[in-house]
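Have a look at the structure below before the remarks.
Chain naming follows the written order as A, B, C and D, and within any one chain the residues start at number 1.
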């Protein structure tokens, strides 16, 4: 069993009837529904305006993969939430960042760059080409798949060079975009997947659902977490010398000892 | 001409006579002195407790390479300072992080990880092996060089995989460490160089000076900055379609437009 | 079940009694023995002087992970064998290169560099530090482990920058080395693991055995192979245009069509 | 001054009048002509059917950047030529691989993969998007540029993950492609640049010329070569121990000593 947590900003669906038509139970509800067909997944959800943004220490501590959708209220995400998620990613939790999550605090925190891109909300066709048909995240896909209406995202996408580029997109209006990027930070695998604007029924698409299910399996940590990862100065971080040596010079001391 | 800015926490040298013996003008003063032998460098310095941590918009806007030394007061560095430095690195400014700067806010910001390591202040010998004698940063060095007294830093060093590892260290007490790591974030080159504990005369060492001078030249941006890099939604970020298409679906709008 | 193939040059053990004392059934026999404790592994062996270097199309076609030990007869490995192994690695087969295999034809083929290093056969202590205790290949290890007698390998190790460095070594005589390196080529994961000189009982060491067992599990492909990977011009490689366009200019034709 | 060597297969221009119309002096002649406007470049050319493929030890030994165009006669390139070029790249010579050179022996040698892709010769429009406007290779370009007629290259492009992706292409027929990829092997920088089918006047395009000129400047080695890089066992590769140790165990010897 894997434990999956789907986080959603959950504002557009509440405030806009057209969005709610596509996602009556929220984008998180829609994703939960199609992932639930896989009986090895234990799925929970959380949303922005719950206490602690819905992400308590308890809820995340044994989470295998966190899915993140946010758009217009990135600033409402608490620093404590970002810290909590980053901590778990470094330990090994997988993180799937969807669409406008490219500007979320947690993605920018993990990337170290501004994660900017160009965009146009015009309901245009997106065609996603598979750059590595042999990758587990691309399993079951054809050479490409199409979404009839999507928001355009264009280069330059200002992120560090990824470990691997799995998709590149072609947009009806003429742009291209690197739309599936893999990273590792600490022991956590991170996948950025471009599609999913709230104004279109993207998460009802069978290929998008396939990618998300594949990603959730791929991002799962392969090992129990490494617990010592966070402490800047556990005892084991000031080890005794192994070779016989004598102290030279004077000591100033480390700030963490003071 | 390159413009270099040397930033130093500048606390140990003021508070501790033994440190001041090595660095009567501060670590920044020492670095400025040996770099000044290169007449193509225009060098300024800044310290923590100056206004704005000594790093104003003006001072950094045409800076080619920033050198950073901090240790026990990382928390005193203002968020605005970190933002200002990160912005310039993404534009293309080089950044040389020295020794205990591994735990600085700016390095953690750019790496996205906790940057932890193990350590021991015992004045032991460090031997740095050159992993790529053909790299410009290693120019003029032998197969290895030694520092008679240094603080030990040991693995695991919790940073993203670097673009290149230039040095690995051997410590008298028995540890190893990846002690010279290259990264690129945005268009800025970043080099982490391990040696330089305040309790030892490391920055008086000819080989350390050679590495720092080489690094300053290597990290210099090769091109004028790309000015559009920061704005999340400049006009050019919502381009008109190039191909003739008609709008489909409805619009929700982007948060940055509202 | 995983299918593992252990390939060994198998010359030292035949020609040198002292080597045979450590490895009466060959290095491949020793590795097979300790891996056999894991009942999910189906293990075969092959050696240099068998027909086709012991690696037939049949034997390798469903192999999950190939382990490679070679030293003094790299040149005897047939080009056809190297081609066959490379083909399978690109499809997704894992490859574990041991010790002097750094100079094997297959490792140099996959790396694109000369894979040189420095060395000294002096029976000195090697201490391997774990750079990422959270990685599956490092599971069950302490912060470091030691081998009482090993051949020294030193920097510069002339390989492309790895996806991750898992071990760095400290040698009694004073050198360091990046002794555990991960790569991906095509869909195959490649791990280079340094220890294992034939003159010492390295493969009898419990920690070395642990690393090799962990690696074999980690390197296993996570998905069935991608069969189209090799053909330079399958039909699907000359796709019809998806968008309605008309041909412009003249044609020269592709060499593979002629 | 930089020394540039332009290598061209030079068969299409001789055998096909339509190609010769675009390139009366060969593709190499065309490239030489527009590069010659930069007076800091010392430019020579070489072609496939000259003795030693036109690349003698003498001609390449002080070459800063080699430009490579080949298509239908990759197999005629001698192994000795490939060895000679690889040797120089590892030392630090820059290498610019154009278009169908993706299947050249030297590119496959350096990449370690099959470098396959899909293609269609249909004279369709290519639009190249700039992924990093701040990179020196992209200096002076707009957000994108177009070529009216080009051969289509499509994903999957089977190469190792690059250090940076500088261009992605959109083709009229509907495909995308990562069309500008940066690598480093040894100390040589390698840039793969997609456009340049012989049936179209691509190298007469001002933007393509700009990229090639930028690339030639960027790929130039920043330092004199590291001469020790090739020898597997120079004296310095069997160093005396630095720390006082005594030999343990027995010796088998290294193959290179025998």
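Quick note on the criterion: a residue touches a chain if its C-beta (ideal position, glycine included) is under 8 Å from a C-beta of that chain, and two chains touch if they have at least 3 such contacts.
Values in this document were obtained by computation on a predicted structure and should not be read as measured data.
Q: Which chains make contact with chain A and with chain C at once?
A: B, D
Q: Which of the two pairs, A-B or A-D, is linked by more C-beta contacts?
A: A-B
Q: Taking CA centroids for every chain, report which one is farthest away from chain C.
A: Looking at centroid distances, B is the chain farthest away.
Q: If you average the Cα atoms of chain B and of chain D to get two centres, how far apart are those centres in Å?
A: So the centroids are 32 Å from each other.
Q: Using mean CA coordinates as chain centres, what's the chain A-chain D distance in Å?
A: From the centre of chain A to the centre of chain D is 36 Å.
Q: List the centre-to-centre spacing of chain A and chain B in whole Å, with centres computed as mean CA coordinates.
A: One centre to the other, that is 28 Å.
Q: Which positions in chain A are in touch with at least two other chains?
A: Within chain A, residues 127, 132-133, 154, 161, 163-164, 174-175, 184, 186, 229, 236, 239, 242 contact more than one other chain.
Q: In their shared complex, at which residues does chain B touch chain A?
A: Spelled out, the residues of chain B in touch with chain A are 12, 16, 18-19, 71-74, 86, 90, 103, 109-114, 116-124, 148-149, 152, 154, 158, 160-161, 172-175, 184-186, 197-200, 229-232, 236-243, 245, 247-255, 258.
Q: What part of chain B is in contact with chain C in the complex they form?
A: Going by the criterion above, the answer is residues 127, 129-133, 154-157, 161-165, 168-170, 174-178.
Q: What residues on chain A touch chain C, complex-wise?
A: So the residues of chain A touching chain C come out as 91-92, 127, 132-136, 139, 143-144, 163-164, 184, 186-187, 218, 222-223, 225-226, 228-229, 236, 239, 242.
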